[in-house]
Amino acid sequence: MNSQLLWLIPIIPFAGFLINGLAGRKFPRAVVSAIALTATLLPALLVTQLWMVMTAAGGPPLISISSVPWIAVSGFHVNFAFTVDHLTLVMLGVVTGVGFLIHIYSVGYMAHEEGYSRFFAYLNLFMFFMLVLVLASSFLLLFVGWEGVGLASYLLIGFYFKKDSAANAGKKAFIVNRIGDFGFLLAIFLLVAHYGTLNFDAIFAKIAASPLSGGFFTTVALLLVLGATGKSAQIPLYVWLPDAMEGPTPVSALIHAATMVTAGVYMIARCHVLFDHSPLAMTVVAVVGALTALFAATMGIVQHDIKRVLAYSTVSQLGYMFLACGVGAYSAGIFHLMTHAFFKGLLFLAAGSVIHALSGEQDLRFMGGLWKKIPITFWTMTAATFAISGVWPFAGFFSKDEILFQTFQSPNPLAKLLWLVGLVTAGMTSFYMFRLWFKTFFGESRFEQSSFAHASHGGDHAAVHARKNTHLTMEAELETAIHESPLVMTVPLMLLGVLSLVGGWVGIPAALGGNDAIGHFLDPVFGSAAAPAAQAVETASHGLELSLAAISLATAGLGIFVAWLFYYRKPGTGAEVARRFQPIYSLVYHKYWIDEIYGSFLVAPLLAFSRLIVGGLVEGGLVQGTGAGLAASARGSGWLVRHMQSGKIRSYAGWLAAGAAVVIVLALFIR
Amino acid sequence: MELVLFILFGLLAVAGALNLLFQRHPINSALSLVVVMMSLAVLYWSLGAEFLAAAQVIVYAGAIMVLFIFVVMLLNAGEEEETHGSKIAYIAGIPGAAAIFCLLSFVFLSERSRLGSTGLGGYLSGAVSNIAEISHTLFTTLLLPFEVTSILILIAILGAVVLARKEL
Amino acid sequence: MSTNLLTLLPELILTLTAVLVMLLEPLLAAGASRKPLGWLAILGSVGSGVAALYQLRAVHALGPLTGFYGTIQVDAFSIFFHLLIASIVVTTLLASLDYFPPDQVSHAGEYFALVLFGATGMMFMTSSVELLMVFIGLEISSISTYILAGFRKGRATASESALKYFLLGSFATAFFLYGIALCFGATGSTAIAAIGAGMAVTKTPLFGWLAVGMVLIGLGFKVSAAPFHVWTPDVYQGAPAPVVGLMSTAPKAAAFAVLLRFLFEAAPTDRHHWAPLIAILAVASMTIGNLGALLQSDAKRLLAYSSIAHAGYLLVAFTAPEPLAVSAACFYTAAYAAMNVGAFVVLTQLSGFSERLRTIDDLTGLALRRPGLSAFMAFFLLSLIGIPFTGGFFGKFYVFSAAVRSGYTWLAIVGLANSGLACFYYLRLLTALYARPTADTVGDSPTPRGISVPAGLALIATAAATLLLGILPNRILSLTQRAAPATVAQCPMQR
Amino acid sequence: MNFDPIILTLILVTPLAGAILLALIPEREDSSNGGESIDSKRHAIGALVITLLTLLLTLHLPAHFNYHAAPHTYQFEQNLPWISSPAIRYHLGVDGLSMWLIVLAGFLAPMGVLASWNAVQRRTRLFYTLFLLQQVAMLGIFVALDLFLYYGFWELSLVPMTLLIATFGRTENRRRAAIKFFLYAFIPSAILLVAILWLYNLTGTFDLPALQALAGAHQIAASPTALLLCSIAFLAAFAVKVPIFPLHGWLQDAVTEAPTAAVMVLAGKLGLYSILRFSFGIFADQSRHVAPLLIALGAIGIVYGSLIALIRTDLKKLAAFSTLAHVSFVVLGIFTFTVLGMDGGIFQILNESLIGAAFFLLLGLLYERYGTYEMRDYGGLAARHPWMATMFVVTSLAAVGLPMLNGFVGEFLILSGTMQSVVIHHVLWTTLGATGVIFGAGYMLWMIQRVFYGLPGVRTEEVQGWDLCGREHLELWPFAALFLIMGIASPLWMRAIDTYGAPTATANVPSGASPSAKITIQIHSAPAVADSSLARNSNITHLTDIRREVR
Amino acid sequence: MITVPIAYYLILAAILFCIGIAAFLIKRNVITIFMSIELMLNAVNLTFVAFAHLWRQISGQIFVFFVMVVAAAEAAVGLAIIIALFRARQTLNVDEVDLLRN
């Protein structure tokens, strides 16, 4: 394959963005979708070809390409340069594959929306930046993609910009991400200052050549982690992701589940050389990941909004990936990243299909009994739910297990604790996922109580969601209105459903009779140097691995059972428990008041500080005050001089006489 | 002799000046000024400036002061009222005047020994009279100022006419 | 032509024209226009300027000329000031041609004559090297300006203006005279060169210092340097606008010329004495002038304070050593004259004899009604601020560079900071010109739109001079630079 | 025909002649309106033609620029005697620093004319005459190589701007704002003049290359303290004009009042250019001496401007403080005396000018439609004006430094340079500067949200605006295109800038005095890293300390 | 013969000069103020004459002569101004002549 073709992979979506963005409003929707789909399909095909070239026997381990410089000053330059290695390849596959499917889905989902061309332009823009992100061969270009996807995310979250909550969510996402980027940038500056280059290979080579002591790496790595926590919605910067659900559902699927939010994981994996030199940073990553996983899972349990449940679940799963990276199991992290892309993408799309069917209703409390009405959605979602819950042989089982096993195995002093947290989280995951599953698809239909069912109530929202303008007042019409989505939406669901099942089979560990293909595939990236030792561990502990798998499977089963108990067998139990533990429930339901805490302990003080101290005291007092004070004193002196001018000749003579005396004194006595 | 003259007419001059200061009617002040001028004429004479002494009496006391008195009469000026127009004149002006006096006295006294003393009468050689000397200088080296003074007088006339002409 | 006559030529022409104007005046009918007399006066002053140029050729060929037993000396220095005074007079006369309203026209002839006589006195001041002659010149110029200040007869302010000027002026003259007397006491002579020579060897140096102080007081009054500036705002406010244009420039120029000659020729040995003194006076003048102007609303008063400040800037030049100081001061005088006369020509045109438009508020929005006039005014104001590519800037530049040269960097800093302060009031006026008119200002009053031809000529001349002094100062600079050595030539400098 | 020797004069003369020409073309008078002219486009058209012509002339420079000239030399020079004593010359020239700034000024002029096309309806003759004079002064500042000549243009630049603000200002406060602007700029300039005179007194020349040579060879005979004071006088005058915190007192008022075309060129480049050209050119050592202070002020200015922009609800005031933040970035960069910081800073001048200009242009368009700058009166415009919203977003993104747009390149280089420099607390300053990244996004996006998203506001409900018209597209697209091109093809510009930046950042260093020189070397040679690892470690402990503080 | 030190004459002149200044400051009547100026001029004249005696120089005396002439001219103009003022304002009190002021 001509390596120049690499350029095309991101540029084609960018062209799609430009065409649809500049002129899309004038095109019919079919043309817009055709352009957008082509712009995603072509890169996908290119990636396929790339995949074949590189995995073929004797294929190159990596393909690089570099252009004219992007930034060049004496002694420092950054080129536009792409490198494809196996890690990138996995990411490219996920991004283009899932991306393409979600594009297809969107054609159906967005069919009746205003701003159709705008939506696809943004999606293509996102694809462009995401591809730049994974292809980048330097920190700076990575950062380009990093910020770019943040921009696309901002634009897409705020897609329904007339709705204040959406506009707010978009802004929040961007700014919280910026806080992370701040760390990322500082890390980049430190790297520039030390190495004079930002090229991955060059820096990693230099690190390998002369490893400095840990302080520097810890600093850089921690700053990178800060960046990653922003993008991948980890503690403490996860707060934007649940709000990001204000965007259209395909966006949630693509950006906020499958691809963009995993960029942090990708970045850590990409910089593993750096992290390997800093045990402290690794521990931080692991702890942040584990805590986030647990923390988000608890919040997922009590949410009523279907998308928010999924959002917290995403945060939680990303925590898993962090955990994996934190214990050095990068390939496990990437593996989970991949499977998660399949099943979480699917979950969101299916949820979108449910919402679509219910004319925009997102609240679990108004769902129920849908499994017969929207069968394809139900079955595909079931596959995904099993996958995320880690039920064998669905994809999630293998990847999650790999992570838990690696964590348990890791030499980290906290390893066992982390494993336990992961395990508990796994149980909670299956619980809340099945809660969602039961509440949505089983039991009685509660849709008629929904505001979305009645035009009179839905008027406000209708103004916001044009799609929700379905004026359904009659009960009968209501029933017929719940319908399965069109084929253009269900086909991607089905494809992803299949992937949620089989996607994990590439990583079946040796203990279960597989050969951990994905792990080996990624070995060239994560260093085969460490591989033999890991191999030894692996072979030595097949038994351990099996027993751990069994424990986690049991935990998942427990979660499913409890969910069945609470939400199918005795539907009132959940509420009953909530009442029983009212304070705790309230705390969790309100997301631990974290948003409020941030609001009143960070944002409000900052604004107050700006208003009172900076704007008032310094700007008003010092800066303007000095000028005003000088002006006033000049004016005051002017007033005095005016007063000399009394108009009286004798006074003037008095001044003259006094002045004459002074002049004579000076004339006589100045030396 | 000279000292007597100096003390006598010096005191008279100072007294006249003070009287000018303290009299409230302009006529009285004008007459005091005439006294000062007369005394100064004597002092000029004692310093050997006979011509000036005469001119002082004729021009100054005789012509200029008459003009003053004429205007005082013309405008029917009465006694001054005690208006309080200016504090500055007292606060800054009088101390200033006093300071000037002190400074001048300081300078003159400190240079006193280098200045020497006067002798009564003309200091010029007896051969040429004071007036002859003056007229010689006036028509030779100081011819131009003498001529240009005519312009000055012309302007004064013109100005007086312009300003005092009663119309409009 | 005899040397004596040649040395007096410009003054002679002026005097004869003045006498002619004075004599012709009564011959004209009571209500008849006095413009022909004005043109005659202009002709005379142009003639004196030409005569000065003729002198320049002679000086160029022969070196400094002296006449009348050494009381008069014609050198580049005096010719420079002769030319300057002649130009100011021409401009003022041009601006005054249409100044008098029909019912006041009978005074016009005397006015022209007085202006010419005054100019004669000023010229004498600049070319005399004998203090007696200087004194008489000073008196001629003073008395004629006293009269001119009170020329808007019938207005209460006019006679008050004249009175203040006269009383305080005479008061200051007494100090000046005292200074001359002390010079005479210290050296036994009243000729500047002889004084200079005598000062170097005098037994009584205290007299010398005292004399310098006294002369400074007297001339400080004439140039309205603080603290002897108090008369300026009142007198300028009461005097007719064209006369203010004249008396804020020409007599000042002459007084500065005298001060230059006196300080650098009669008292060069005491430079270390009077230079700091002058610096202090300069600082006081700049500061008081600018501060006083800050709150002014009357345009003429404002320009009066500005003229105090400019006197301060000019005094800065005196701190420099001789050739530099003289040329800087000369240049500044010329630049200041050009822009200030220009500004007053505009004011004359605007408000006329009645001076209806006086305050800044009155002038608000002028640019809409009279864009041409306000453009000129804006230009002169910018020059007064000291914006580059105007005479005002180069003048300031030159003066302060002289100060820096002589080690008075602090003075330059104070001076330029002061010029910053000055912007405030100039800009207040300037921005008012270009602002939208408020209800009761010039905007609504039907003012005559046109500019009379002679006034237009005057405006163009002053604006051109201001601009040329800013962008092509070479000619005038070389003249001022030649003026400097001519004064030194007369006395051996001990520096 | 070879234009090179006279091209700079042509660039100056064209707008000057244009200004005179426009001043002579009469306005159509309308007596019913009190003599104010009503919207005759003849002056606007004339100004457009002249500015386009000027732009064309300025493009001659990049087309014929010699990238291989020796450092500290000038091109397209014209050097004629002007005044013999004092020795003042008409000396013009261009180097890598000024070339693109000249083109920038040339580019912004027609944009300013277009921005005023409908916004200025009255007194067009005065407006465009002043505008062109402003243009002359700006270009003059960039090309003058004689200190006197430069100072002339420097002060001259104040006048048209002041009058523009005073006459065409928006509120009743306009005259006050104009005077404030003038005084703030003029008083320090007066001190600058003293410094120039003092320097002339020492060296006998106003010629910049000559002074540079003298200073470079340490042949200015004055005490170090005096030279330092002199350099501070230079710097202070420029700093006010930039403005550098805390000397920005004039900015808000002037920006609030000034008409769009004027505000586009109000802040930033003139002062920054002057610092680079004169402070660094003549006072290289002294500038390094005060660099820590300026770096601190720059970093503080970034945060300060951003924080105030966060709380301002008047769009123009917000823009004023965002300008402060942006120019502070430049200040931070150039005073690091690293190649990265210097080049990035200069590049950022271009960015800042373009972004600021586009932003003000857009604000002007909003104002034309709705007659207010108060954010609270706006809302929900995105649906009505999609193109305008797009342009706002693009400009905002460029302003907050989104990669692939121009702002990023500059900010990245600047902060890298800061991190690289070894000025005291450099890590803290980098960190502070980088927080500007967060705050910048904060206020810009908040602004976008409040103006364009949500429901219509008070004002936007009443008035029906219109989306961009053809002329407005014509104004904005060049900006958008430049944002992108400069963001991805920065070397096109950087090549010239580097010919100035690299030698300036490294040269003239007194032996052993400036550690930044070592750093630059360190970039070139990797092994140096290991050698200096010890020093680095102490820095890193320091860094962690600071991070603790910051958190 | 008892001689008088010239310094005494000078001091006498200084006394008169300063009394003149004081009179200018204190008197309210314009005409009297004008007289006090004359007094100051006279004081200067005395100084001149004393110095002329000191230097044996006739020019000092001639200077005094010119001062007298000038004083006469000034008196003519000054009194005319005073008359004009009186006509316009009906007062000779300087404290009432303060229309021109800030």
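Chains here go by letter, A, B, C, D and E, matching the order in which they are written, and residues are numbered from 1 within each.
Throughout what follows, a residue touches a chain if its C-beta (ideal position, glycine included) is under 8 Å from a C-beta of that chain, and two chains touch if they have at least 3 such contacts.
These figures come from a predicted structure and were not determined experimentally.
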Contact distance in steps, from chain B to chain C: 1
Those chains which touch chain E and also touch chain B: A, C
Far-end chain from chain B, centres as C-alpha averages: A
Chain nearest the overall C-alpha centroid of the shown protein atoms: D
Longest centre-to-centre distance from chain E, chain (CA-based): A
Distance from chain E to chain A - Cα centre to Cα centre, in angstrom: 96
Centroid spacing, where centroids are CA-atom means, of chain D and chain E in whole angstrom: 65
Intercentroid distance (Cα basis), chain C paired with chain A, Å: 78
Geometric centre distance via CA averages, chain D-chain A, whole Å: 37
Per-residue overlap in chain E, given as positions that touch at least 2 other chains: 10, 17, 20-21, 24-26, 28, 33-34, 50, 52, 54, 59, 62, 66, 70, 73-74, 77, 81-82, 84, 87, 94-95, 97-102
Multi-partner residues of chain B (at least 2 other chains): 85-86, 89-90, 93-94, 96-97, 100, 103-104, 107, 111, 115, 141-142, 145, 149, 152, 155-156, 159, 162-163
Pairs of chains, among all present, that meet the touch criterion: A-B, A-C, A-D, A-E, B-C, B-E, C-D, C-E
Chain E to chain A touching residues, read off their complex: 21, 24-26, 28, 33, 94-95, 97-102
Residue ranges of chain A touching chain B (in the complex, touch as defined): 644, 646, 648, 650-651, 653-662, 664-665, 668
Chain C contact footprint on chain E (complex, rising order): 10, 17, 20-21, 24, 30, 33-34, 37, 40-41, 43-44, 47-48, 50-52, 54-55, 57, 59-60, 62-63, 66-67, 70, 73-74, 77-78, 81-82, 84-85, 87-89, 94, 97-102
Residues on chain C engaged by chain A in the complex (per definition of touch): 163-164, 167-168, 171-172, 175, 206, 209-210, 212-214, 216-217, 220-221, 226-228, 230-231, 233-234, 272-274, 276-277, 280-281, 288, 291-295, 421, 424
Chain A residues within the chain D interface of the complex: 25, 68-76, 80, 118, 140, 143-144, 146-148, 151, 154-155, 158, 161-164, 166-168, 170-171, 174-175, 178-179, 181-182, 185-186, 188-190, 192-196, 206, 210, 212-213, 215-216, 219, 606-607, 609-611, 614-615, 618-619, 622-624, 626-627
